[in-house]
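Supplied in structure tokens, the structure appears directly below.
Every chain is named by a letter (A, B and C) in the order it is written, and numbering of its residues begins at 1.
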Amino acid sequence: MKTYILVANDPGVGGLVEQAATWGQPVVAVVVGSKDLTQVAACPGVDEVIWLGDPGNHGIEAFASSVAAIVADDPGVVLAGRRPSERVFLGTVAASIMAPIITGVQSVSFNNETVVIKHGIYGGIAVATTQFEGPIAMQIDGGAPVVGGGTAVIETRSATPTTITVTSLTPPEVASVDLDTASRVVGVGRGLKRSEDLGLVEALATRLNAEIGCSRPLSEGLDWLPRDRYIGVSGAHIAPDLYIMIGISGQLQHVSGCRASKVIVSINNDKDALVTQDSDYILTGDLYALVPALSAALEKS
Amino acid sequence: MRIVVAYQWACDPQEALVSSDGKIDFSRAKPTISDYDAVAIEMGCHLAEATGAELIGISAGGEAVATAIATKAALARGLHEVFVVSDPGLDSAGTLATAVTLKAAIDNLGDVGLLLTGDSSLDSGSKTLVAVLAGLLGWPCVTDVMKVTMDGDSLTIERTIPEGIQGLHLHGPVLVGVTSDAVKAKVPGMKDVLSAGKKPARVVSLLDLGVRLPGEGEILSVEKMAGPSRQQIRINTEDPAQAAAELVSALRAAGALDA
Amino acid sequence: MFGLTDEQELIRSSVREFSEAEVAPLAAEIDRDHRPPLETIPKLAELGLLGILIPEQYGGTEMDSVSYCVVIEELSRCCATTGVMVEAHSSLCTWPIVHFGTEEHKQRYLPDLASGVKMGAFGLTEPGAGSDAGALATTARRDGDEFVLNGQKVFITGGGYSEVFIVFARSTEAPGTKGISAFIVDRDTPGFTIGEGERKLGIRGSSTPPLMFSDVRIPATNLLGREGQGFEIAMATLDGGRTGIAAQAVGIAQGAFEAAIDYAQQRVQFGKPLAALQAIQWMIADMATSIDAGRLLVYQAADLEDRGIPHGIAAAQAKLFCGEMASAVAGKAIQIHGGNGYTEAYPVERAYRDAKITEIYEGTSEIQRLVIGRSFLR
């Protein structure tokens, strides 16, 4: 079975290529985007690149059925990332080949005709080990951008986009951030009393050269931070070298988005908060004292 | 013309108890209409009012989704009627099986110009169902949508992507995944609650629709989720400055502060 | 009845969702500032919560008594002040107009009361007439096609912002309670002044000013019911009010109880959460059981009312039990919180202060005991 990597106008598929490489199957990247994108998609680990042409002013999702037709011709294992267009591609392809969709993938092993996958279920409260026969669709964190340099043949195929036309694009007032690829992150939660106090957290993040993330209530509901800062099961999945959690209780919905962090520090005034179970270093106390102290200590050193 | 909202009646996984041998117990959790879908229903109400379309809710699941409390909870939010596929075979249905079932419901309904749904499943958080359903129906699909206006089968949509707010124009029928903050879902008022029981609620089984569920793999085992085991080193915080210094040197030693 | 209907369960979840989003965030502030949450009135109206006892033909949502009690409980769980704001308006003003008003009264007042354009209040209590309501001294002298009111009322819930007042005054020479009549008085009537709200121990956001009547002329058609029927109207109204206040008490207790559970699960002393200690487990058990018992007494009284069966004693039992239960549960909730519970940082001290009034207003526990005891020992 081939492994398909779906590229939806974004080169951030390094993680998918990495995964696919471990399986020893031919890897085909199906690309919707500019010609340059096909060049970077032709990276080590990709054997074939199929280009469906420049989207022009069609919405990327307009090509979902054309992508699906390509895979349906020769069904296999399909991988895509978690960005909006990537999800639509994955779902549309899965429908065309009747492939179950698996998210929260922890490990994949191929045995002859079957694939055994260990994956999170119910938003991450448990892990199932499931055996699949036939084509499957996996949603995996896209990872770093690929930069070409491989030997894949790039083939252009015609596409029949559906009627989705882009009529405008208004850049956001604040530049969006991709926490998934940040190497250091400082996260803030409901322990912060007022949005004015974010300055404390920002100072620490600046010292550390870290991105700022948050638990869901701060970006939805309280609206203290933009939505792309929310770390959690349906938000950013971070895997930084260092993640410092400030005033976060450690509920599953948040923690499942940061489990891949190398080192986790938590600052919380509750000695027995859930978050302590997922921390390498635990500081129990008042964040209003500890966070400035930490910023100061970092400045000194 | 019909506007359909696909909603989920499910329990929040946070309320489930997972024992160490992997048994998942939802008995203490109460199912509700997913908050994400409540937003989609609200948007559907606005559009139905603006266009005069019929607003129909569809859902698929085990026994619970067809109970009076479930259908009334959905109707109380403003749907004109609900159409529910209830079957024991759907108890543990995943994204693909659910999509296949909903597709059959939509085919059965006919005259659907727009399908709205919340951007995540309450229980799996996968955000892919709407796309699978779109693929099965052969209709275009757009997600992360904040605003929809309809004029016949011509739709104008605003949605958020990393690059900003994108304006799109489409021809229906179309599936739309609505962001959780697109509109504020209204709390059902007393009149809505009291009249919910009088609105139509149609319940069918998989057999009634002629649906054969696709395989979604065979579960070999289930375990409690264990993250990588953490060191859980507690740093004494009596003196914040000292605690900070201690943490910084520990992080440096662990290589976490390398540039 | 031992279970709520689907509609009643949905009403509970709707009002809970509303209360947590719109009512709870204001609770501490209005308590601290002794101010009524006027901004909540249009939101309550939008949900249909101000017309619960008003028939649909007058713009109300007319729900059964059990549903009404669920609404009051859920509002009070987040804020006792908001709970009594809706209860007094509904049970003490809209209800008597529906049951004793002429068609003209209903057309004139009910639509505005249902939509929250006007709020309603009940003027019975006087400085010299509390439990002994029959001793009231406010007079209503007939003069041609008007009545002239003179006197004063005290502790009138909602007085500060209400437009429609049900006022009880002595209109004939008949002795004792037989001379009392009920009147509907509009706020802006010349001679009718409303004083400053009292500063109270609890339900501090509830407006409770005195009312002063100085030669207040109202049309004779504003007589509610028959002349001399006033005391009967007051007592019938307070019967329904009892169940409403009992529901408020259950809500206050429920809120304090949930706060106590949260605290017990998080607070660690002697190396484990308080929840692991048997003493705390027993306190929680007692609290839970008494709240459930109180709730069932409320539903029983409401259910009897819905079925048209005399419910006065059941209502008295519900209020007697729930008022004392709420004070006890709130007290235990503070105890579980320890020193923290004694501070404004935690919500249980407010529940404790709010609970006390439920043993007093709309019929003291002592009056309830008289009513209940006498019913058995006639």
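Criterion: a residue touches a chain if its C-beta (ideal position, glycine included) is under 8 Å from a C-beta of that chain, and two chains touch if they have at least 3 such contacts.
Quick caveat: nothing in here was measured; it's all calculated off a predicted structure.
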Next on the checklist: Building nodes from the protein chains and edges from chain pairs that touch, which of line, ring, star, complete or other describes the result?
Outcome noted: complete
Item to check | By mean Cα position, the chain sitting nearest the middle | outcome: B
Checklist entry - Distance from the CA centroid of chain B to that of chain C, rounded to the nearest Å? => result 40
Item to check | Euclidean distance of C-alpha centroids - chain A vs chain B, Å | outcome: 19
Checklist entry - Taking each chain's centre as its mean C-alpha position, how far apart are chain A and chain C in Å? => result 53
Checklist entry - If you look at chain C, which of its residues touch at least two other chains? => result none
Item to check | List of chain C residues in touch with chain B within their complex | outcome: 6-7, 9-11, 13-14, 17-18, 21, 46-49, 52, 61, 63, 71
Checklist entry - Contact residues on chain B for chain A in the complex? => result 13-14, 16, 18, 22, 24, 94-96, 99, 119-120, 123-136, 138-144, 156, 159-171, 179-181, 214-228, 230-235, 237, 240-241, 243-245, 247-248, 250-252, 254-258
Next on the checklist: Help me check something: in the complex, which residues belonging to chain A touch chain C?
Outcome noted: 270-272
Checklist entry - In their complex, what parts of chain A are in touch with chain B? => result 59, 61-62, 64-65, 68, 82-85, 87-96, 98-101, 103, 116-117, 120-134, 136, 139, 162-172, 176, 178, 208, 220, 227-228, 233-234, 241-242, 251-253, 255-256, 259, 262-265, 276-285, 289-290, 292-294, 296-298, 301
Checklist entry - What part of chain B is in contact with chain C in the complex they form? => result 32, 68-69, 72-73, 76, 187-191, 193-194, 196-197
